[in-house]
């Protein structure tokens, strides 16, 4: 694990965000299965935190991020969105900081420079991210875009068209393939017949790099190097971060198509435990780790409480809001 | 006659047709080992019975799913493709509206495309606004296609079997809220011709024309109004391409008043076409404006209820 | 006021807007050095004036063209994308109907997509059946989008300028047969608000509502019928999303008889929506069936002529 | 030029077909510009005959071909369609052997096992070809599909999805990219940023081979080897045949964006002259070559005459035919 490039305070911060994301999503599992959520079925990124936190950490606030739907929790937390605001979406409460969507991954906020999925069409977001990079380049704003998507998504036509366009215009964008080895019940090897997804970059003539996606620091370093290339005008990079989908595809998926042994193997590779070991090796006292863990748990508990105290977001609210937007558009 | 759910009726149709004709195969994303056979469980047990050569799971590439199904169909195969969610029809729109639908015309009838595309549509609770689409009217401009929207388990079975046996591409819309409803379903070789509406309830006062889930909202409205002596005639379109003009016009001539109900947004929905047909061909029989009860012109899902239908009928009778 | 072709009027609008606002840029396939600036010559000279950063040619990937334009628009750019032929809209349908149109709703109004998509459509002689599409009605179910179909050089300029200044995605349909027609075009900053129809000819007997090229066929029919004392009122929709209900209903109330004419196939065309609007909101003013004169339900192009309109009007008056 | 694999009679036949295609299309240029055609603007493959003839020659009649729109003339001639039938399409006459379309490239005939474009959407045909290969595989018919498309078409999403699907199911198909170095006014290097298009096969894990597309025998041999692989169940191959678009994009294109020097350079590489040299080297007498040339010219002249003697295909004919099909479908 390369750690030289990050200060201890950064490492601690990364650890804190990963943990927060984990605890947040574990709480969602609990709330969902006890019938307390009012949202689109959660599709969680438990076990994949190293990819989103590693990829999106350390950018400038002006840089745009466009996260894969699975992992959006962590991405928003990297952008310092209070957990309460995210929790509101799951609990069907009014968020003050976010648009009132019904799913975190479909949420976009141009103040925080976070572009979520705009439709549920996988791959569509890659094109929009490429467009943001085009906008940045045309406007000479110096912004870089980091966009992530799943392994299964790389089989979509949009992936191909978008990466090609980014190559042709040498856009300031980094593509991160969050290869969690499954797309619903399809193993990546059945859908992608070239061993490494990073090889798909060959088709566009820009670098493709495979990295251990459970090693947050490796992900971070690789993406940061690609960000620098992008900022220097050298164009896109495809980073494949190999991780594993510890969660079922969605919380409604009984996940019967995978062997328990496989999950067990990957549980041992947990990216959070791994970073914990690094921190310990760097001399962080156990106490401080426990402290961070406790703080994260507290923050999530508080987020639930605060969210619950917010007014319900009813379908009527959305109807009213959208009707107002409709009138603005057409009148 | 068995009592089956809509889901079971569909599955029975698929199973029977796959047993009957070895050219029939299923293709789509996550239709085999995922959950109980697909996201909505329709294809449960079919992978086990027919194997991977006839229940074919693909990577996430709907364009290639439909495009390749067209090619295979031209060679005599009879693919039944599943597009998990009607929202995803946009990703194979080109293949449906240009290639599948026009092939027979452009080959002077020589090449046929016996393809069925099943897709789940419609609004449910707590689903993402985006995955709630009723995009059926997009396909009205595609002669060559047939578009089916069943509302009961029996119709589901009979129409799906007809769709699979049809030599033309058929889009088969399955409303998500219907999967769990139960009803009697004739055993064995029960086939309902495509393109025929059905009067699901007779009545003399107002004709209400509806599709899929809305048929049930309309029947509920009919029960409520019936108790007050207002008799709705409920016409279930079942197919929207072609539209069964004859059944519609007969009913309109009888009641002289029409309400059209669908879940899709009002502007540009199927209701517009049905209304225009009536205004063109049965104007002299009409006693009142043709009312559409439909979703508002907003991103989905805000869909009408039986109450909206009751109100529409009342306003019509007051006018 | 200069006398310009439709093509020149469009070019003038593009040039003026590009000069006015550095955020406006053009993007598409073969819009620069090909022929005289694009397949239809609209963008002639713009590459020379504005350079490759503002007249951006792309590989053949319409999905990426529109998808990336959405992203750039969210950052404050104002892309004017060209989709060479309306047939190719199927390849960026997802981006238009879900992403461009819904972004503003899904971000609670925070993100706007000031995008214009220009596309050539309609039937001409000796063109491939396939490249003759009038697919405008597909977009009626996409609130959030605006859809414009000009019929004269002046409208072309005024509406294109309005489209570019609009903060919402606008689909701009240019009928291929119109590019060479000439007409007076106001100089300078001439902007026509989107969403307003125009009465192109006043008349008391029958209202004929039309779009794009068909407006000219209808005007021709009006001249012929006028010589026989039958006065058509010709309403040019200009926008089909939103539809200008007010202008339509006013005209209907005056003439009490309606014909709707478009080139697109009849079933599911814009005429259906216009007819349904009238049957719903002006039924009591109608004296006769609402007639649609449209292409047959076949692959394009078989399109109506002024003669078909004359016949429809005559049949309406006989009835 | 490898020629060992072909008999002299095959070589002669290939020469004859290439010549026929050339003369046919040159005649179309003449007819079009003198206003005698009644068809969609011709998009011709003059100078690119080695690709289509090389790729489609020597298959079994049962094998399916699905040619790129540019080059369809030669493909039909390989399938022994009389030139008169093709000519009918351009002259707006009733063909007895073909569906009454308005463009050769949009014509499909399942008896001759030729699948044309089904719409004008570039890339759509690749998916249909893949489906034919799937149908062949499922039906265990032993058929192989050879499908060609342009360099520009490889930037479409359909290309990506189709090639991936073919790879996943190891379908019996050969993809031939007819790289004529231009897509309308866009140079291939501006649209495809990886030097060789054959490298795009890397993304799907099957072989990609670049071959001199003006060397008909090299194209033929390479495709035949790939056909054998396909027949043996080893899956797809991508063959890139590098040629040059000698014609303008279409007969309405003044073609002002290319340097005359470039065209001149490629004119010297004419694939027909090249095969002629090979035939001469193999001892074919000049007289016989002239004879073949004369026969080709005669055949085209006759095709024009015969086509002209056929009844017009009027829009009303098509309206009637399509109306009849409409009734068949819906009643």
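All chains are identified by letter, namely A, B, C and D, in their written order; residue positions are counted from 1 within each chain.
One rule holds in what follows: contacts are C-beta pairs under 8 Å (C-beta built on N, C-alpha and C of every residue); 3 or more make two chains touch, one makes a residue touch a chain.
Every value quoted in this text rests on a predicted model; they were computed, and no experiment measured them.
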| item | value |
| --- | --- |
| Chain pair showing more contacts of the two, A-B and B-D | B-D |
| Distance between the centres, which are taken as Cα means, of chain C and chain B, whole angstrom | 31 |
| Geometric centre distance via CA averages, chain D-chain A, whole Å | 46 |
| Distance between the centres, which are taken as Cα means, of chain B and chain A, whole angstrom | 37 |
| Separation of chain B from chain D, taking each centre as the mean of its C-alpha atoms, in whole Å | 40 |
| Multi-chain contact residues (two or more partners), chain A | 101, 106, 119, 121, 155-158, 160-161, 164, 168, 190-192, 322, 326 |
| Two or more partner chains touched - positions in chain C | 58-59, 61, 63, 87, 90-91, 94, 98, 102, 105-106, 129-130, 143-144, 297-299 |
| Chain contact graph, described as a line, ring, star, complete graph or other shape | complete |
| Chain C-facing residues of chain B, complex | 87, 90-91, 93-94, 97-98, 102, 105-106, 129-130, 135, 137-141, 143-144, 241, 243, 264-265, 267-269, 271-273, 275-276, 278-281, 283-284, 286, 288-292, 297-299 |
| In the complex with chain A, residue positions of chain B that touch it | 29-30, 32-35, 57-61, 63, 85, 87-88, 90-91, 126-131, 296-299, 302 |
| Residue numbers on chain D that touch chain C, as the complex places them | 38-41, 101-103, 106, 119-122, 152-153, 155-157, 183-186, 190-192, 249, 252-254, 256-257, 315, 318-319, 322-323, 326 |
| Partner chain A, residues of chain D touching it in the complex | 155-161, 164, 167-168, 190-195, 199-200, 202-206 |
| Sites on chain A touched by chain C in the complex | 99-101, 106, 108-111, 115, 118-119, 121, 124, 126-136, 138-139, 141, 157-158, 160-162, 164-165, 168-169, 321-322, 324-326, 328-330 |
